[in-house]
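Chain nomenclature is as follows: A, B, C and D, assigned in order of appearance, with residue numbering initiated at 1 for each chain independently.
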Amino acid sequence: MKHSVVALTVNGAERQVLVAPGTTLLDALRESQGLTGTRRGCDQGACGACTVLVDGKTMMSCLLPVETIDGATIDTIEGLTPMEGLHPIQEAFLEGFATQCGFCTSGMIMATAGLLARNPDPSREDAVRAISGNICRCTGYEAIIDAVLDAAARMRAAKRDKAA
Amino acid sequence: MAWLNGRGVAAVNYPTGMNLGGDPSQALIHATTTGGFVITLSSVDLGQGIKTVGAQIAAETLGVPYENVVIDTADTDTGPHCMGTFASRGTHRIGNAIMMAAREAREVMMSVAATELEVDAGDLVTDGKGKIHVNGAPDKGISVVDVALAAHFKHGKTISGRGMFMKPKSEVVPETGEMDPDSCQAHACTVAEVEVDDETGEVRVKKLINAYEIGRAMNPALAHQQIVGGAWMGISHALYETTEPYYPDRGHGPTDFSQYLMPGPGDLAEMESVIIERPAANGPYGAKGIGEMTANSPIPAIANAIFDACGVRVQSLPITPEKILRGLDSLREQSNPTH
Amino acid sequence: MLQTVATPGSLPETHALLSKLDGARLIAGGTAVMPTLNAGTDEFSSLVSLRAAGLSGIVVKDGVVTIGAATTMTELADEPALAFLQSALETIASPTIRNMATIGGNLFVKQPYGDLSACLIALGATATVSDGTATRIEPVEKLVASRLGPKDIVTQLAFSIPSPGSFKFVKAGRKALNAAAIVTVAAVVSVSDGVVSQCRIGLGGVAECAVRARSVEEALTGNPLDRTHAEQAAAKADRDIEPFDDSHASAWYRARVTPVHIRRALVGE
Amino acid sequence: MEKIDTSFFSKEREADLFVVGESVQRADARGHVTGQTQFYEDVTFPNTLHLKMVRSTHHHALIKNIDIEPAMKVPGVVRVLTHKDVPNNWYTILKLIGVGPDDEPVLPEDRVLFKGEQVCAVLAETEQAALEGARRVVADYEELPPVFDVEEAMTSKPFKQAGTNYFVYEGHNCRRIRFGDVDKGFAEADHIIEHRYESAPIEHAPTETTGCTAKPEGSGRVTVYSNTQALYFTLDNMALILGVPFNKLRLVGGTVGGGFGGKVDVIVEPIAALGAMLTNRPVKYAYSRAEEMQVSSPRAAERLYIKDGVMKDGRIVARKITLYVDAGAYCRHSTYGTTKAAAHMPGPYSIPNVHVDAYCVYTNRTPSSAMRGFGVTIGDFALESQMDQVARHLGMDPMELRLINAYRDGDTKAHRKTVEGAALVEVIQAAARQTGKELAPRFAAMSSYQREA
């Protein structure tokens, strides 16, 4: 069984990752990169806890064999967090009491990041769709949907401030 | 095709704590040199928020800011015994233990402050913002930081406390079932509004109106989380969940989050809730446990609303579209027999 | 245990690897293959990825759409010429999965997933299949019912864009979003002179693979497209389906509500 | 955000508090939103072995032979654990509080009692090697007839090594509540209303599956990083099973990705720790999602028969409840849940004659255990569905029926505890108020403080 070296840009840094055949991006991030903020909830692509951005698009990292994405750009929750303070999406989730056990949170936030990159002014229905692949067993989703919309508003306001 | 509307009610109570082998939990608390407080537990946070509510209880009892309290949990080498997180016991049991520990620590803190200020400890109050002063004379005071420094480096005193809450074991009288199984009861009433598709048996829960009596909402935002998340779980239990859809055949038992049915973010009911507080005499600041109860009243309220909507009484959970549709078919058969 | 994962850069290279590697399985988006691998499997010992094989892309020409088999659901949804499919695509899994799952892979997903196949059947789509030496064209309807040969690769799908308003779609699931199908109904219905002149109906979730509802089509053709006729035609669906039990719904329930959803798809009520 | 309606019980509320009653930010939220919250699986150690379980393919069978040799040949497989490796193989979780008998083996010896029961544990260098090793173990079974129905199990031949097909409560085959005289109540009643209710097993489905990593320390101790809901329950049971002094073990956890009662069983930790002790390497045992969904304890399936004697004016004068909790193959926490279910009856109502038989029954289904609302949730479904049926039978308003029967301070519950702090009347009144429903003056004036004359 031959290991391979795969080049990835992870949160802006170029990395060479040594993987056994079939190693998922999730395992590579958690185990060889130490990026444990991406959570493992099912290994079946059905819970969304491992959602990351691959070349800017949300994907389930448990469904990606690393060898098939050589050269890809990966963004995780760790990369979203700024040096100082929090990202507006993180602020919205924190202040909106949109976390309980916290296990789905990274995936929810990355799904939100993926949505807002495509659609800075989502409707409530857009927000609901964006997280429809992410399971939360604690909150009943309401606070999370509110946080997605609040995050969008915060990011639009920040953009306006910057432009002004 | 028609969506049939219905409304149903249910009212429940829920016990705080378990009986059986006694129900203890402990807490230790100590001040750092600069007046921070560390609570050491072996209790578990599943998302219900004991790390938050525990710190609030300690801050309230000590009279110091919430931000000054850190909860260190859970490590059996350092944390004293806790029975665990279940039976809606955490806020009540662990909260009581923390309160007791904080009272003991507060006593030391106040006595050191009294020595420093050369007044009687009984005349001192805390302002909750980090200062201890003579009652009625805010200028004659000392900061908690200075008290902690003095305790550590001048008086050789540890500002610390031990807390323990235990409900003793209740033996059940075998013949009658006489027992004392719990510490208090929380209460809930739900009114559910549903609509039923008369051709497919599909149910939409449109609205849940809830009233909860929870002793004391220690942190209303966290109570809100339990209420909304619990009511969602109630809807899920009522209409969706089973590990054995073809019992007694074990076939098709769900093994993933696609097969295991639960409502998603696109299936939410509007929710409107009100909290009532009747403090429990034995609860910390009157608190009762509510984490479990919130899922309970929505289930029968939904079942009753479905009957109200379409005349089908489903007495087995989950209430699937198939069970409702079979019920509708047999009602139609009865009213319009074709054979 | 998995020994190799290959990501060939072209179709010929993909064919070469498929023949060379023992126990090879094709992987496109990974949404169906990877759960099996992650759970541990003896079904395959190597994976050949189509990600870099140049099979993505959408070409619209003269009213005919040609779609590379490795094109993702999101790419389909972003194509203006396929706006009519938007609402159907949105019922398939979640946006995150649609960023990964491909149109080719969807053909081979186990029911009750794979709603796109039902749409492709309704659209009369054809698939181009390459076995490394020759290519052949097969109707999707036939392809999903048969199995691919060990060397076969679906390279592209093609169909004519239906006239505006003629594409109908309803998916019944237990959830509003990201649900498996209890029954998926896709149809292309043409009406002229007040009667149905042509129709093609694909059903998902009610047989081992997506199927064509020929009995319903026959009953509908030549009649007005109204509630009564739609209901009568939909009642024939039991001849076209072989529903199954799963955790989402029983065979009985699927059979019982299939006509209801066909009627709703056809006439919107 | 919820409104707090202070018009109820206003005299009892303590008002001037600094921080209790405030919606302060969650202490753990910053960690959650940055992904920095540390769950057990985020603590990793080099040289860790992965544990995967061989599981029973039958509901009930004798184990004729287990051949682990093919597994040992898989590259990377280090060891296979069977019951012979477990120092004290038989246990029951509630042993710590005096519940017996020990009815569950850590790893089965001569038989399996449910489909999915763990049979033997494969330890390997990688997860994939452990999975392949588990697929290679050959277990031969002789199938035995299973029992899946609680009432059938009550009378069928005992299938467990320890005891009867039901838990014995101090000489009784069920937990009993006897209050007043139900037969007399039924005789006096204007109406008798009787129904059967039941439920299917429900999975906790936490987003984080149950798991742990056991790490041997240089000191000879074992530290277990776990997502248990109860650290000491786990530690104490482990010490008993492993036959080591309690201070040889250390449990670290406290941050759990959803529990709902599903993580109070003690299944993964003892075996992982045993593996760590026998190999002197860290061992990780985490349920796959499929194991979490099908093998971990669900909420019990329950069956209830409720018979009510009711007067024309709505007073319920007698309630007889027969309740079956399907514990599945092993006891776990079910004996406690059944007692809790019995104590909860007849609901938050004062009924003068109550008779409850609550059975904790073993079948060849997946063992059930605690879940949010343990012993109560399904009972509430039955009780409150029954109340609706009673109201409809009498043609009464469902809120009014409940208010008439609601318990009040000073009443005696069926388990003979005096009611204090009651508030059922008030939550109904508050719910009525929210829905814009005007209660008749008689009902609007009711209070939990005392029963109106």
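Keep in mind that, in the parts below, contacts are C-beta pairs under 8 Å (C-beta built on N, C-alpha and C of every residue); 3 or more make two chains touch, one makes a residue touch a chain.
Quantities reported herein were computed from a predicted structural model and do not represent experimental measurements.
K.L.:
Using the stated contact rule, I'd like to know whether A-C or A-B comes out ahead in C-beta pair count.
P.N.:
A-C
K.L.:
Roughly how far is chain A from chain B, going centre to centre by Cα mean, in whole Å?
P.N.:
30
K.L.:
For chain C and chain D, what's the span in angstrom between their mean Cα positions?
P.N.:
The answer is 42 Å.
K.L.:
Measuring from the mean C-alpha position of chain B to the mean C-alpha position of chain D, what distance in angstrom results?
P.N.:
Each chain reduced to its C-alpha mean, chain B and chain D end up 17 Å apart.
K.L.:
What are the residue numbers in chain B that touch two or more other chains?
P.N.:
Only 46-47, 49, 221-222, 224, 230, 233, 245, 253-254, 256-260, 262, 264-266 qualify.
K.L.:
Hunt down the residues of chain D that sit against at least two other chains at once, touch-wise.
P.N.:
In chain D, the residues touching two or more other chains are 23, 25-26, 28, 128, 205, 255-260, 288-290.
K.L.:
If you look at chain A, which of its residues touch at least two other chains?
P.N.:
Residues 22, 41-44, 46-47, 97, 99, 101-102, 128-129, 132, 135, 137-138 of chain A touch two or more partner chains.
K.L.:
Touch graph of the chains shown: is it line, ring, star, complete or other?
P.N.:
Topology of the interface graph: complete, with all chain pairs in contact.
K.L.:
Under the touch definition given earlier, write down the residues of chain A that touch chain C in their complex.
P.N.:
1-2, 4, 21-22, 24, 43-46, 48, 51, 54, 57-60, 62-65, 67-70, 111, 114-115, 128-130, 132-134
K.L.:
Across the complex, what residues on chain B touch chain D?
P.N.:
My answer: residues 8-15, 18-22, 41-47, 49, 51-52, 55-57, 59-60, 63, 65-66, 71, 73-77, 79, 81-87, 128, 169, 172, 174-182, 184-185, 187-191, 209-213, 215-224, 227, 230, 233, 237-238, 241-245, 247-248, 250, 253-257, 259-260, 262, 272-281, 285-286, 291-293, 295-297, 299-301, 303-304, 307, 313, 315-318.
K.L.:
Of all residues in chain B, which touch chain C in the complex?
P.N.:
Within the complex, chain B contacts chain C at residues 1, 199-200, 240, 245-246, 251-254, 256, 258-261, 263-267, 321-322, 325.
K.L.:
Quick check on the complex: what are the chain A residues that touch chain B?
P.N.:
Spelled out, the residues of chain A in touch with chain B are 41-42, 44, 46-47, 97, 99-102, 128-129, 131-132, 135, 137-145.
K.L.:
Okay, in this complex, where on chain C does chain D touch?
P.N.:
1-2, 39-40, 42
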